[in-house]
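For reference, chains read A, B and C in written order, and residue numbers begin at 1 within each chain.
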Amino acid sequence: MKERTFTKRLSAALVPAVPYLWLGVFFLVPFLIVLKISLSDTAIAQPPYKPVFEWSDIAAFFSALDLENFELLVEDDLYFRATLSSVRIAALSTVLLLLVGFPIAYGMARAPERHRSLLVALVILPFWTSFLIRIYAWIAILKPEGLLTQGLMSLGAISEPIEILNTEWAVYIGIVYAYLPFMVLPLYATLEKMDDTLLEAALDLGSTPWRSFWTITVPLAMPGIIAGSLLCFIPAVGEFVIPDLLGGSETLMIGRQLWSEFFSNRDWPLASAVAILLLIVLVAPIVIYRDVEARRVETRP
Amino acid sequence: MRRTFSPWADPNAKPLIRFENVTKRFGDAVAVDRLTLDIFEGEFFCLLGPSGCGKTTLMRMLAGFEYPTEGRITLAGQDLAGVPPYRRPVNMMFQSYALFPHMSVEKNIAFGLKQDGLPKPEIAARVEEMLRLVQLEKLAKRYPSQLSGGQRQRVALARALAKKPKVLLLDEPLGALDKKLREETQFELMDIQHDLHMTFVVVTHDQEEAMTMADRIAVMDHGRIVQVATPGEIYEQPKTRFIAEFVGDVNILEGHVMGQENGLWRVKTASAEMPLSIDDPDEVLHSGQAVAIAVRPEKMVVQREKPAPEAVNVLTGEVWDIGYLGDWTVYRIRLATGEILRVSCANVSRFVENPIDWDEQVYVTFAPGAAVILAE
Amino acid sequence: MNRRLSLFNVTSLVLGFAFLYLPILLLVVYSFNGSRLVTVWGGFSTQWYAALFRNQALMEAAWVTLRIAFLSAGMATVLGTLAALALTRYGRFPGRTLFTGMVYAPMVMPEVITGLSLLLFFVAVDLDRGFWTITLAHTTLTMCFVTVVVQSRLMTFDRSLEEAAMDLGAPPLRTFFAVTLPLIAPSIVAGFLLAFTLSLDDLVIASFNTGPGATTLPIKIYSQVRLGLSPEINAASTILIGLVTLGVISATLISKRSVLRSRRNV
């Protein structure tokens, strides 16, 4: 009897233990390794970094650690500018996403109930198709002689090709396009739950529709606004594919910098240092997001 | 038959279920507090109390979903400590019914039998029998989502009964039904319990439900049992003010004992000019003791004419409110002290000449035997 | 609840969905272009589809990608379901905060960081990069998504159903397989599909962790796109889009049918 309960307890403990261990090994440990390597010296070898950790010599380990890579990050203002411009592009994209996403989410929430699940499916559907392909589709549209120019020219709106591809504008369009479902869905989730009679009550009490929107709808949609914004902002800061394919060589973004340190310059320690830098920028938003998300999931009825 | 069923009065009877000094704590909160209770075989037993009184915890300990922090629960002499829910000869009908949505009605009913590894024909026969019992033969293949609330309740009952448990636990069995259906179902439950000679333990917060169905009621408050008795005793002989107020409507008059006279207690109150005379010989009281007098509204009489001078228990006041309920009329009488008495009056005649009207000065009287004294 | 769509609502919906679908539509249309130039219409043709199927390297990449997606989604589904159960059914076990952190962080963390850190890990433990490293990396990323999908279903799960099963004599493990699992199955399937798609789609993490002989479709497409637009890619994309659309539609129909079946009096 006692043995049975012991094996039972053991098997019950496996449920959290297995995924816990998995994430520990494949998420936490790699993370610590990045931190370690960011502190080691470059050596052109395979792998292109000098391991600084020798089990036999702890003292040497600490003495070999240095902030050289980070000093380089600070000295070369390329990384500083890349970080700044990443945050700027991500922030502006998030604002644009809110402006584009809110009316869509609002329209969906006000649509007749029988159509709503179809609308949600339509928002999600593009998400299921390849991200890369969807960005690729925009190249043909935004090219100087591309479909957008052709369309506008045939309408007579413009007389000569407009330059969008390989500018920051193309990056904004790409991010807004690719991340729109992540903004619309959380917004829709909060707006859909909103009680219509609240707005009626506000109107009845003499508030104009515009005022009611700002004093009732927006505050009640706040959880969705925050969740959606973080969900878009965080990955956008580290975005690689969109600036690489749409932004041209001028667009400076940190994720792209990391990529080129790694693949082009083969400087793994410096790439790791860039990763740590990126993470420092994102640690606050990620922690907030985790709290918001955990609370949202756990307080659902 | 039913009326003479009273094993609790027999000192030699062995209880089926026994709670001995059971305490259940959740962290710092005490849900059940040193509770002792016997339930006998064949009883229809109700646990009655307001929400949070511990009645559900008590039931869940019997089912095996919670274990007592202290004390012992035995079932037919067997200690239930450490016995998981799936090994107890006890089945439960859940408040939400908890019907498996992915199984048809017959699969739901067969679920428990399958766990016992019964042969298929036997399971089929038993399911058939249960469906007949709750009159759902025609809906055997349906899924819970295709049933009405009343039908679901029957499936839940059939499923819990299928294993012929020693005890059937019912958690607010009628809570989700509308009023009319509730009344019908009450009597059906009683019939089923009687026909199957099974022990039913019902948790409810609805006193009417408890009064109608139960052989005995245990009224609970703050994790303790305040009184265990038949419905009649609970209503007519409430032990405490809490029970008097929780079960039915009651008027409470506070006062002090003056002494005993001709077997009646004399109690001085601020509400009446003269001391009140109460026939409650079982109470042991002393002079000067603070007590509460409880009188049910239907046991009071309201009249316009001044009672004879020798009349006892006369209160005066004015009509504050009149509520006409069809079968009853309820008067709310305001006494000089500001207290409001509730007096109900059966409408025995269709026509009343010159009925009592609002703001009239009236007299309220009650017989000495109509009231109960509750020691504070 | 009589909600009315205003003109503004309709306009924003129409414009919004046009924005979402027009680029994809154009991509599909131009996959049937007769011209080699992606932006100039040269008449209807299916030549690029034929060329696609002759492209051995692309076909091979597709096969590798599918195998990785299938394997990693399978593992992620098991791990994610366990994690969801841990988060909903195990109360406050030690290290829970770290655990939720590790579940939510990979979902928002920039892929470049996840990709780089996993690569450095594989190098440190001296694991040859290729098919398996991508599979492990995708499993780690996608299991978090599975966790969230299954967890939100478990949150709304009526616990009394499990109690009822136990009350009727089913021990915990049998209760799980007879009651819990069938009822959360749709969310597990959804989690699997999500993991599968994410793995199919991933470029960044795969690029970091790939090795000889493990070129996935996104890596292949990316290297071609960098060389310039090609109608062949349009054709490949159209096939992918078609498959996904077919999958989503059939999944919807299947779930509708099962709902109908359970509603109908059989």
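Please note the rule applied: contacts are C-beta pairs under 8 Å (C-beta built on N, C-alpha and C of every residue); 3 or more make two chains touch, one makes a residue touch a chain.
Quick caveat, the model's predicted, so the values are computed rather than measured.
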The chain pair joined by the most C-beta contacts is A-C
Which chain's mean C-alpha position is the greatest distance from chain C's? B
Gap in Å, rounded to a whole number, between the CA centres of chain C and chain A: 17
Chain B and chain C have mean C-alpha positions lying a whole-number Å distance apart equal to 55
Cα centroid separation, chain A vs chain B, in Å, comes to 59
Within the complex, which stretch of chain B touches chain C? 63-65, 84-87, 90-92, 94-96, 98-102, 104, 111-112, 115-116, 141-143, 145-146, 159-160, 163
Where on chain C does chain A make contact in their complex? 1, 3-6, 8-10, 12-13, 16-17, 19-21, 23-24, 26-27, 30, 38-39, 79-80, 82-83, 85-86, 89-90, 93, 95, 99-106, 108-113, 116-118, 120-121, 123-124, 136-137, 139-140, 143, 147-148, 151-152, 155-156, 197, 200-201, 203-204, 207-208, 218, 221-222, 225-226, 229, 233, 237, 240-241, 244-245, 247-248, 252
Chain B contact footprint on chain C (complex, rising order): 158, 160-161, 163-171, 174-175, 178-179, 182-183, 262-266
Inside the complex, what are the residues of chain A that reach chain C? 14-16, 18-20, 22-24, 26-31, 33-34, 37, 47, 51, 100, 103-104, 106-108, 110-113, 119, 121-123, 125-126, 128-134, 136-141, 143, 145-147, 150, 177, 180, 184, 196, 230-231, 234-235, 237-241, 245, 255, 258-259, 262-263, 268, 271-272, 275, 278-279, 282, 286, 289-290, 293-294, 297-298, 300-301
